[in-house]
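The following pair of complexes shares a single chain, chain A, combined with chain B in the former and chain C in the latter.
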Partner chain A sequence: MEIVKPLVQLLAALLLAPLLPGVINRVKAFFAGRRGQPLLQLYYDLAKLLRKTPVYSRTTTWVFKAGPAIGLAALAAALLVMPFAGRPSALSFDGDFVYLIYLLGLARFCAVLAALDTGSAFEGMGASREMQFAVFSEPGFFLGLAALAAVTGQRSLGGMFGVLTGDSWRVAAPVLALLTASFFIALLAENSRVPADDPNTHLELTMIHEAMILDHSGPDLAYILYGAALKLWLFGSLIASMVLPSHSGAWARDAAMFLLVMLGVAAAVGVTESVMARLRLTKVPYMLITAFAFSALALIFQMGR
Partner chain B sequence: MKVDHLSGFDFAATDLDPVLFFDTAASRLSAGGRALAYFAVPEGAAHRLVMAVGFDREGRIEVYSTAFSGPFRALTPSFPQVHLFEREIFEQAGMKPEGHPWLKPVRFNTAGATPGGAEYFTVHGSQVHEVAVGPVHAGVIEPGHFRFQCHGEKVFHLEIMLGYQHRGVEKRLAAGPDARSLHYAETLCGDASIGHGWAYCGAVEALCGVNVPPRAQALRGIMLELERLASHTGDLGALAGDAAFLPTASFNGRLRGDFLNMTALVCGNRFGRNMLRPGGVNFDLDPALIKEMKLRLADTYRDVETAVALLWETSSVTDRFEETGVVPKAAAEGIGLVGPAARASGVGIDTRRNFPSGPYEGFTMSVSGSGDVYSRAYVRWLEIQKSVELVDNWLDSLPAGPLAADCGPLRPDGAAVSLVEGWRGQICHFALTGPDGKFRHYKVVDPSFHNWQGLALALRNGEISDFPLCNKSFNLSYCGRDL
Partner chain C sequence: MLLVLLSLLVLLASSALAFVLRKDPARAQDAGAYGAVAASLTGLLPAGRVLLTGMPETLTLPWAVPLGSLSFTLDPLAAFFLAPLFILTGLAAVYGVDYLKAYEGKKPLGLAWAAFNILTASMVVVFTAANAVLFMLGWELMAAAAFLLVLFEHEREQSRRAAYLYLAAGGAGALLLLAAFGLLGRSAASLDFALFSVPAGGGASAVFLLCLAGFGLKAGFIPLHVWVPEADPAAPGYVAAVMSGVMMKTGIYGLIRVLGFLSPWQEWWGWAMLLAGAASCVLGGLFALAQHDLRRVLAYSSIENIGIILMALGLGTVAAVNGATAMSALAFAGALLHVLNHALFKGLLFMGAGAVLRGAGTSELDALGGLGKRMPRTLPLFLLASAAACALPPLNGFTGEFLIYLAAFGGAAAPAALAGIVTALALAVAGALAAAAFTRAAGTAFLGEPRTGRAAGAQEAGPLMIFSMRALALLCLLAGLAGPLLLLPVGTAVAAAFGLAPALAAMEGAAAPLVYVSAAGLLLISLAALVFAGRALALKGKQPAAAGTWDCGYAAPTARMQYGAASFSQPLTDFFQPILRKIGQYPVITEYFPGKASFSTEAQAVFYNSFYMPAAARLRDLAYRFSWIQHGRLQIYILYIVVTLLLLLLWKL
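Now for the complex of A and B:
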């Protein structure tokens, strides 16, 4: 039974991930005084896209076709090491958080290559912006995970969140709060949410992530959209595991609480998007540097503790 | 020759010797005049160049003309505000303005010319790249082509190429006046139906020598200000939408509809079509309707106030708007910006104040700004407040009397200049009649004709990702410029 649980957890993540963008959209719609699209809209979109025949421009090569598939595979593989409700993950080894970061990097690399392969000015701009912001966002995220390893004395993600309890919050609240804030900023930036990017815009000149996927269609686009949902789940579960460290011991109860907090994280993203405007592009690095500073401060506090 | 706004004059009296014409034009423009219109009218085998110059501070209009053929002296090098007029003359009359720095087609309506198939200003150098946007856009907007010369995210130069919307409206209007003329005026720029409709009626009334009854004047004013309210409200929402600020974006989208519905309540059409007619208006307000209008105006304005206040109170929005897309005052004056865009750059021109007519006698309003997106947005908000005040006052004190006066035949061999402050800025209609009392030529200058160049300047040395926001802050008309 204990062998099955991590797999059930993984399956739940794979199945429920597309629900998060739906929750965000509904929260945004509520703030805008609209009814909003169905909660399950992304599922419908994926089902529709998977049935379509992709269209490829004559200027693209195999890189363009391979990008979405490799990107999705990398994100799905990253999900393997992500703990669920403080439970052991499907795959866990020392230093697996480095593996996680490299898989995220691989997914980004594939998306950027596929975008550049089209030769379109819009996609090139999107790719350039994506890489520029990654330079600022990755160090902060990496340092944050390193600080978490220092707080918990563990070297695997499963271990870190396994030993994180309410007691850790009592003795190291400032460190953990800083890390949660840093991860939340990373979530917004990495998942192209407001204020770093605008997932709803139709204006190519302001896009980052959206501009990179303009030419993808059919199943390729479905892979990208699904991959984006998995990435959101990944970052969301990181935050959920941070703020929900208590474990009752009952698997079903923990899992239910965890899912509830995940919905809460999605709602928090929706609220953030509803109450503030998007930053101008030149100011996005400031926000990412803030996340880096939070992580660095957390590490310093931890070393002095 | 000095002429009166909205009154017909003898066109022959504007004639000058060609040398004197260009000297006079140059001296009037350098004395603070603004070219309201500058165009060529066919006259036998040759052409007649006509220029209307407006002095905003004095509220003075002067018109000069000269018979001419062949190449002429370009005024653009000294007065950039006439650059598009001279390109237009070159395209329509084939007369070359000697010394014009960028002589390319305006609307590509000559044989063999296709929009987009022209030379563009390019910047060369390592890492300089070109971004082309349009004419097919991602949103439901009109077609236009935009060429950016960029270095990374920085824009060196933006060239805007339009002409895709050319329908030949001016030519069709010149065949009038007939039953369809007013319809063409109302639809030449769809969201400024009342503005252009009024300008057309003004030109015809001036040529007939008819006085519009006060009640009709006030009703026209109400409709024009409702049009302004709807557009400004919608644009503030669209600006919020481009900054990904949801609350104002969605509320203003709905509130714009409320203002349009008030227009429809009066005349049955949300854009005010068929409200006007030469000599007056077609629809009246009875006391019950006035009461309903006042109620709706107060309700809608209260909601607009709340939704728009969020813009100025949210620091992430003001930070996004401030110092984005700056058009300095000198540049705004140089290229002859009009309307809210000019006022936001500190150029205090407003047809309602400078050339008051009808209900706008005694109109005062002063707005200013630093020329950025924030100023252009804030000017819109100030104008919303003013328009609500005007409409409310007119509803309270509608003069009694008839709705329209009868227009007789048009004065032969005459001309008239009609100016209206549409919501984008000054609309100028210049009508000329022949000996038969029919139009000989009809010239329309939409505010967008002046202001597109302002958008190009706003992007200079700016960020390419700021373009949508700058574009929305001007929100110019493609079909109004392409005619």
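Now for the complex of A and C:
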């Protein structure tokens, strides 16, 4: 039974990830006074895209086709590392959070190369901006995880979230709050949400992530959209594990609680998007530097504790 | 050890033969290349044996040089550096045969092969010398051989300048090293490494600083890096691979050796190395992002990686001084593992850049594009090496850095923990910058549409070049997946350099995580296979349509509208303009119907232009004041010598 649990967790993540964008969209629709698209819209989209015949630009090479596939594999592998409901993941080892960050880097590397393979100015622009923001967001995210490692005295994600309990919040609330804020900014930036990027924008010049995938179609686009949902799940579960550090010990209860909080995180993203305008492109680095500062402050507080 | 000597002799013999046959380029090529490959195969055997058994081998031959002795030691540390040396030079020689074919009859190929094999031989001497005089002999020979190879295209002013700069840096470094060895061996009968003693008081720190600067000038970390971005791109592709992959590591090797002589260490030595390494890896990544030439991008990336290695050595030293053995052991193991990994992927990258230069006639990024279609066999190899350089799993660039991260989060007490945080942060920033630099370089050169006619007419690399690159790519993948297996040689090398306790601690601390990393790497590959299978299933029976790239409805897109290298990095380079100080001319639109406009940016060699050039000018002014000493008359020079001799005689009396 103990071997089955991590697999069930993984399966749950793989199946439920496309739900999160649906929740975000419903929350945004609620704020805008619309009815909004169905909750399961992304599932319908994925099913449709997988059935479609793709169109490939004559400029592209195999890189364009391999990019989405390898990117999806990297994100799925990252999901294997991420703990679920404060329980060890399928793959948990010392320094696994470093591995997680570099897997995200691999996914980004593939996406950017696939975008550059089209020779399109728009996609080059998106790729350039993606890389620019990564340079600012990655160190902050990394420092945040390092601070978490220092708070918990653990070197694996499973270990960190295993020891993180309500008591940790009682003794180290400022540190953990700062870290949660930093991770939330990382979530917004890495998943191209408002205020860093707007997933609903309709002008190529203003897009970042959407610009990179303009030429993808059919199953390749399905892989990209599904990968994006997995990435959102990854960051969401990071925050959910931060703010829900209660472990009843009963697996089913913990898992149900965790899923509820995940929906809450998605709702929080939806609210953030509804109440905020998108930042000017030149201001986004400052937001990411703020996240970095939060992480650094958390680390300093922790070392002074 | 005898086999190493044999490979040394093979190298010298084939070098001489290539020189003798220089009138017949084809046979000179054969003499040089076969010699290099034979020497590599011969040399890899003893290096591998020593790495696996951990037993050092020594050899002493009679030699009548004052203070010198012809004694060699092949201990695991030397063997650990010899292994990448032999792998890379052997493959580079195979690659070189194809690379140099275009120069037959135009360039002295016999001389080039002679210099190349002398370069390899001198590095073998450097790694195995057990005496400072012998070491310096190898060191200077290495500098001279590399100087000749950098001058290969001496008709280009840039190459001459690069070679001169390299020579100056090498000369300055050698002087510092001579002083350091003098201090270490001043009370011994000969300058054998075994007889070195630590100078008392501040002497040890003086030796450390002299060696840090002297070896640093060869290793090329910031701010001692100025020759690297000039000389590496000037040398032919296969030489650049060896220079960047192994020759720069001789500096790291020397530093590790001297650290071995100098125990007990001071904490600030560690901090000095750590901070220099951190600055080097972050700034190296940043400068790599701003370069417009593919080979200069790679050269700055070498500076970045040397920085990572140096930083890990510094972290290990700080941790060791503070008693955190496990942490320091992991850092040292990570540094050594990265030495090997960097040699493999950087060798591959420089060979790829050489293939681009050979195929398209230029390595200027904004003149390239679309090479992937014209060089379909080079494309996957270059992309793989780029991914390895960004430390992406499951490739080999990741494992060494992973060990350094593990060390950084070693959870030690205050000073070591702070060192760990600085290290991890610098590594993370450097990683993000490297990802930007390499997607930019690979994307602009190989993907999209060709930007110029030269790129459109690019030719695929020759079969021998492809062979060498494929071999290195395979090694990159295997080394990434076989991290746990590499731990044994790394462990024996750490034991030889820093003692048994750190070696055991490194093996213990790194074994389990590395096994997991390998398993995760295999898992990643199988997941990718699964995803590809799913894609094939979804596409079954469908005929994908071909169309133009989405152009937003614009009727006449051209290749020049693509995002180029300059535009790709512009947001980042603008942000870091205070550091990069790139020189640019932007068009200013003043009329309603603007005419033709032009735009240019140029990446500056910041340290060279704003520090070394003024310093050199100052020095030259100073030298002019003493120019009256130089008359150009032989008699007066002889007088100087006589006076000096007399003074020395009087002083001795």
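Definition applied: the second predicted complex is superposed on the first by the 305 of 305 C-alpha atoms of A that agree within 3 Å, B and C clash if a C-alpha of one lies under 4 Å from a C-alpha of the other, contacts with A are read in each partner's own complex, and residues count from 1 in each chain.
Note that a residue touches a chain if its C-beta (ideal position, glycine included) is under 8 Å from a C-beta of that chain, and two chains touch if they have at least 3 such contacts.
What you are looking at is a predicted structure, and each value in this text was computed from that prediction instead of being measured.
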Contacts of A:91 with chain B and chain C, given as first, second, both or neither: second
Which of chain B and chain C A:34 touches, first, second, both or neither: first
Comparing the two partners chain B and chain C, which touches a greater set of residues in chain A: C
Partner chain(s) touched by A:277 [first = chain B, second = chain C, both, neither]: first
First (chain B), second (chain C), both or neither touched by A:204: both
Partner chain in contact with A:142 - chain B first, chain C second, else both or neither: second
Which superposed partner A:264 touches (first chain B, second chain C, both, neither): neither
Partner chain in contact with A:125 - chain B first, chain C second, else both or neither: both
Contact residues of chain A, present in both the chain B and the chain C interface: 121-122, 124-125, 128-129, 204
Interfacial residue positions of chain B with respect to chain A in the complex: 129-133, 138-139, 152-153, 240, 242-247, 249-251, 254, 314, 316-317, 319-320, 324, 463-468
Chain A - residues contacting chain B, complex: 28, 31-34, 121-122, 124-125, 128-129, 194-195, 198, 200-206, 273-283
List of chain C residues in touch with chain A within their complex: 369-370, 372-373, 376, 379, 383, 387, 390-393, 398, 402, 405-406, 409, 411, 414, 417-418, 421, 424-425, 428-429, 431-433, 435-436, 438-440, 442-444, 447-449, 512-513, 516-517, 519-520, 523-524, 527-528, 530-532, 534-535, 538-539, 542-552, 557, 559, 561-564, 567-572, 575
In the complex with chain C, residue positions of chain A that touch it: 50-51, 53-61, 63, 65, 69-70, 72-74, 76-77, 80-81, 91, 93-96, 98-99, 101-103, 105-106, 108-109, 112-113, 116-125, 127-129, 131-132, 134-135, 138-139, 142-143, 146, 149-150, 153, 155, 204, 214-215, 218-220, 222-223, 285, 299, 303
